[in-house]
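Chains: A, B, C and D, in written order; residue numbering restarts at 1 for each.
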Amino acid sequence: MDILFDVLRTAIAPSTAAFALAAIGLNFHFGLTGLLNMGQAGFMLLGMYGFAISIQQGWPIWIAILVGLAAAAVFAVLLGWPTLKLRGDYLAIVTIAAAEMVRFLGRSQSLQGLTGASSGIRGSDYKAPFEELSPFPDAIVNIGPFSMHGSRSSSWWLTAVTWGIVLLCAGLFWRLANSPWGRVLKGIREDEDAVRSLGKNVYSYKMQALIIGGVIGALGGITWALGNSVQPDSMGRPTTFWLWTLLLLGGAATVFGPVLGSILFWSSLTLVKSLASAFIPSDVLAPTELEPFSLVLVGVTLMLLVVFRPQGVLGNKKELAF
Amino acid sequence: MLRAALVFVVAAVGITAILSMGGTAEAATETEAVTTVATTGGTNLLIQNLFNGIVFGLLLALASVGLSLIYGTTGLSNFAHGEMVTFGAMITYFLATPQAVSFPLLPFEFTIAWPFWIAAPVGIAIATFFGWVQDKIIWSQLRRRRVAMIQQMIVSIGLSLALVNFIQWWMGGRPVRLVTSIDPRVQYGPISVGNVTLISMAIAIVALLGVAFFLQRTRLGRATRAVSDNPALASASGIKVDSIIRIVWMMAAGLAALGGILLALYQQGIGFDDGTKLLMMMFAAVTLGGLGHPYGALVGSLIIGVVAEVSTVWLPPDLKFATALGILIIVLLVRPQGILGKAERVG
Amino acid sequence: MNDKPVILDADNLIAGYLPGINILNGCSMEVKEGELIGIIGPNGAGKSTFLKALFGLVPVRDGSVTLGGEDITNLRADELVKRGVGFVPQTNNVFPSLTIEENLEMGAYQAHKNFKKQLARIGDLFPVLIQRKNQRAGSLSGGERQMVAMARALMMDPHVLLLDEPSAGLSPARQDETFVRTREINKTGVTVIMVEQNARRCLQICDRGYVLDQGTSAYTATGQELLKDPKVIELYLGTLGA
Amino acid sequence: MADTAFVSVPHEPGAAKPDPILIAEGVTRRFGGLTAVKVDHFEVQRNTITALIGPNGAGKSTFFNLLTGFDHAQEGEGQFNGKPLRGMAPAKVARAGMVRTFQLTKALSRMTVIENMRLGAQEQPGENLLRAFAPPLWKAREREITEQAHDLLHRFKLYEKRDDYAGSLSGGQRKLLEMARALMSKPTMVMLDEPMAGVNPALTESLLDHIVELKEDGMTVLFVEHDMHMVRRISDWVVVMAEGRIIAEGPAGTVMANPAVQDAYLGAHHDTDLSELTLEDDE
């Protein structure tokens, strides 16, 4: 039973929601438009930095959120400007390189005053304004079998807010994907030239998609930071790869694919770890080996998914992810 | 195009430069993939860094030549190539360490402790075999099923995730040292360098010349270039394209392993994710030189190595990889086909 | 006119690239040993696809190809080379980053022990290639590339040579040269099947022509007969030219 | 079936037309050393069906791409309906009223037929990101578009397939869909790149009828085609290209009888007989 609670707790955790958000952003890029963004973690990181640093400057929380989102938007414009005219894999190389650059800059000693270099920014330095907004009591609250703090860190407050934002963004995706605007993006995913021949400005649409997906990614970053801390190395390439895995797991181009993907991804990771630690003797699999062991499974899952079920759990076989 | 490039430079480097004024003057040594070799300082700094750059560039070239050959013959951007670098070094450590070792999930330990000069070649041989296995059970199957390149690329991402974590599971999270002795530095004119590093350089140069010899002077090597040029025509000429690709995978894995071993010697230790971290630099090198062009990988690696190391003269050392990636992005914008690549229409 | 045995027999081939879309809708052809066959027909009739289907480069969905009585349908290209079939594609027919000599070596890949001997033999046919053997094929003109491509295919000493529009993109003088060369190669005993755009020239030199229309082999006759046949012009230009 | 508009037009390359909708002047496109297109002068008469023909490699498709903005010429000017074409992006060309189809059909496979059609329409405010959020701003237009799409689908016999993914259509149906989609924008000129390629014979008749209908609806049609039967049946005027240049113009009958055209297609009539020619040693 404990294992089940652990799994459920992971499923509703704010960080699961944060990944769902970032994956919704990636869904705008890949699922809707076919853009190969291999640097979504960079967008998340920019959002986190923009938010945390602004709060540290003493700016109000609303401004801080806007700064985080704006940073991602500017990043998207800079990356998209030259590459969206080139072949698709150039965007992949440039985004992954640029995301790494952001991380290197963030962990650089020369920016320590702002970013805290490789040790990052402690949560306590920027969480207060958000936690003060909490309507929940400032104490541990038990709801059913779950026990969390009302307002602090990974709290009921944060859980409610993040999942609220997830629903909002999923709704946004639904609204846009089913609008004439989304239709143009799907057309671009299928064949750019055909869409050009129909009189649409492909470049501008790709840029819009890149910006929206990146901004939602930054929102994911901010919500992630509110439950954890700002740590450049937690937003490296593996994060982007996990996002891809969970997006493909849930089903690209679907409304709830990223959400379901994130829940499945994190809860099965917890499940695997719990089962392994419960049933595999520790002289065979030491506790420190659990993490890498389960991530090996993630990698293998990604490989198998791509080859055998590219449409994911929710995807339509005819509207494959590829 | 150029305007965009300029904006990027201003954005990336400019912001750093301005903000770094507030940062601490004393920069910590980079511990990522390569430890900065202590420099003699003063006027010789530039020469020393140039030299370090060449050393790093040569080691990088060993790894990226294989990446480039794979891209050239199959069109795949192999994201799991970094793990091949780590794997070579780790398997050598496994064979050479005097400590007890074990396999994951197997509850017994044993000690191999071969001398390094035996362990290294055997490690490379095992890595080469691993290249064969990989192509046999994964890549050749995907080619046969005509799985699209983007899909194959994501499969390689999955493989990378699986391998890097497998290596961590197997070898632990701490960096390991292949040899315990310390390589004392010797001063040659303005350059300070250890003898092991010099030997590593020599081995790297010999191996790279070997690759060049293979490609230019052997029938198999010429067939490899033929497959890179035009797989359909190669097949129509009677070349078994799949066997050539299998050989390329083996060679790439072997070279990456050699690169990993030499890198572990050069930076005095290797961590489970050092190869993964190096992958970005390899991509930068290969793209810079011209995707799929084997000599392009060499040129690109040397440029990346030198840019990364020399940039530390003016920029904080922990930004040297960022600088190298910045160079990559700028080159991509100005010349998408890379330095040696043939101009072709892209998009 | 030729009572030699049938060497290559294509029977009712149905083939295409995309699933569900056939380019060939039943193409048949019977080639006797030593013949020079020209395949002509308007653009889009499936001439090149037919040749590629013979060589296993386009998946054959129905029908069969036999070589000397042996079934070679959908066999891999390098297997066909082993069985003495050579193929010269219309475009991308050289390895641009390899030298001329290396290109020829690739042609003799399966018989590398005879490389020097074959090189000497080919050198008699294409002396200019030997003079410039260290030049990279990528730097050659269209006509020179065509020569390298044909020489490469001949390095294995094939019994059957498949040529896909060897005259395409060449100047008229070069085109004539290509046709004459093709006939000379044929005279050494090689069975040649060529697809040609330049129908008049092609029919002048070939023993027999096949006319393709809309993915089927419409009819066959000797080259001279087809040259005079108004139906050929009809096929190309929609009606009698006059 | 030559149109009366052509009565006074001389049968020669680059002939001026009484009311040209499309004019190209001195258009040159080189790829490396190869000159793919070198057209001195070219005009298309308004509200007629003009065929662009020529042997493989004549530069038809390249010329087509140049006219529609998908490729850019090193030299030359173009004019469509009085507007200069030089440097115009393909999307702008389309919005100006000149819509094209592609030789290899570009049906958007993972979208339904009806979505393909809707994408072809112009002036859908919902294609703007901000307005997309507010359906009331675009629902009305969407209904109009859907109605128009249904009409076209009926006409092209694709109505039953409207909710199928375009990827499940046959090659010929995709061609039809592509043409119908292009018509959604109510163009003044339709450019068809090999509309017959890969279409099974049963469908060709209706495809031909559709093209003729376009003219009756007041549009101008320029098409590239290999199938000479089709060229003869429906074109008012035929332009022949070979080796990047326009070598002949005129009504189908006249053009096909032109010895230069026959030479371009069948190979030149040489006086020399190849059987007498021997190989001289190369230079």
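Here, contacts are C-beta pairs under 8 Å (C-beta built on N, C-alpha and C of every residue); 3 or more make two chains touch, one makes a residue touch a chain.
All figures in this text were calculated on a predicted structure; none of them were measured in a lab.
Colleague: Can you work out the whole-Å distance between the CA centroids of chain C and chain D?
Modeller: 32
Colleague: Measuring centre to centre with CA averages, how many angstrom lie between chain A and chain D?
Modeller: Taking the average C-alpha coordinate of chain A and of chain D, the gap between them is 45 Å.
Colleague: Just give me the whole-number Å value for how far the CA centre of chain A lies from that of chain B.
Modeller: Roughly 29 Å, centre to centre.
Colleague: For chain A and chain C, what's the span in angstrom between their mean Cα positions?
Modeller: Taking the average C-alpha coordinate of chain A and of chain C, the gap between them is 56 Å.
Colleague: I need the residues of chain B touching at least two other chains; which ones are they?
Modeller: Where chain B is concerned, no single residue meets two or more other chains.
Colleague: Could you say which residues in chain A touch two or more other chains, in rising order?
Modeller: Touching at least two other chains: none.
Colleague: Using the touch rule from the top of the page, what residues of chain C touch 2 or more other chains?
Modeller: In chain C, no residue touches at least two other chains, as defined above.
Colleague: What graph shape do the protein chains here make by touch: line, ring, star, complete or other?
Modeller: If you draw each chain as a dot and join those that touch, you get a single closed ring.
Colleague: Name the touching chain pairs, please: which are they?
Modeller: In this structure, the chains touch in these pairs: A-B, A-D, B-C, C-D.
Colleague: Along chain B, where are the residues that touch chain C in the complex?
Modeller: On the chain B side, the touching residues are 219, 222-223, 225-226, 228-230, 232-241.
Colleague: Could you please specify the touching residues of chain B with respect to chain A in the complex?
Modeller: Listed in rising order, the residues are 1, 4-5, 7-8, 11-12, 15-16, 19-20, 22-24, 26-28, 77, 104-107, 138, 142, 145, 147-148, 150-151, 153-155, 157-163, 165-166, 168-169, 172-173, 276, 280, 283-284, 287, 316, 318-319, 321-322, 325-326, 328-329, 332-333, 336, 346-347.
Colleague: For chain C, which residues are in contact with chain D within the complex?
Modeller: 18, 20-21, 23, 42-44, 126-128, 165, 168-169, 172, 175-177, 179-181, 183-184, 197-202, 204-205, 214, 232-233, 236-239, 241-242
Colleague: For the complex, give me every residue of chain C touching chain B.
Modeller: For chain C paired with chain B, touching residues are 55, 57, 76-78, 81-82, 87, 89, 92-98, 102, 105-107, 109-110, 112, 152-153, 156.
Colleague: Could you pull out which chain D residues touch chain A in their complex?
Modeller: Chain D residues touching chain A: 68, 70, 89-92, 94-95, 99-102, 106-111, 115, 118-120, 122, 124-129, 132-133, 135, 138, 142, 165, 167-168, 178, 181-182, 184-185.
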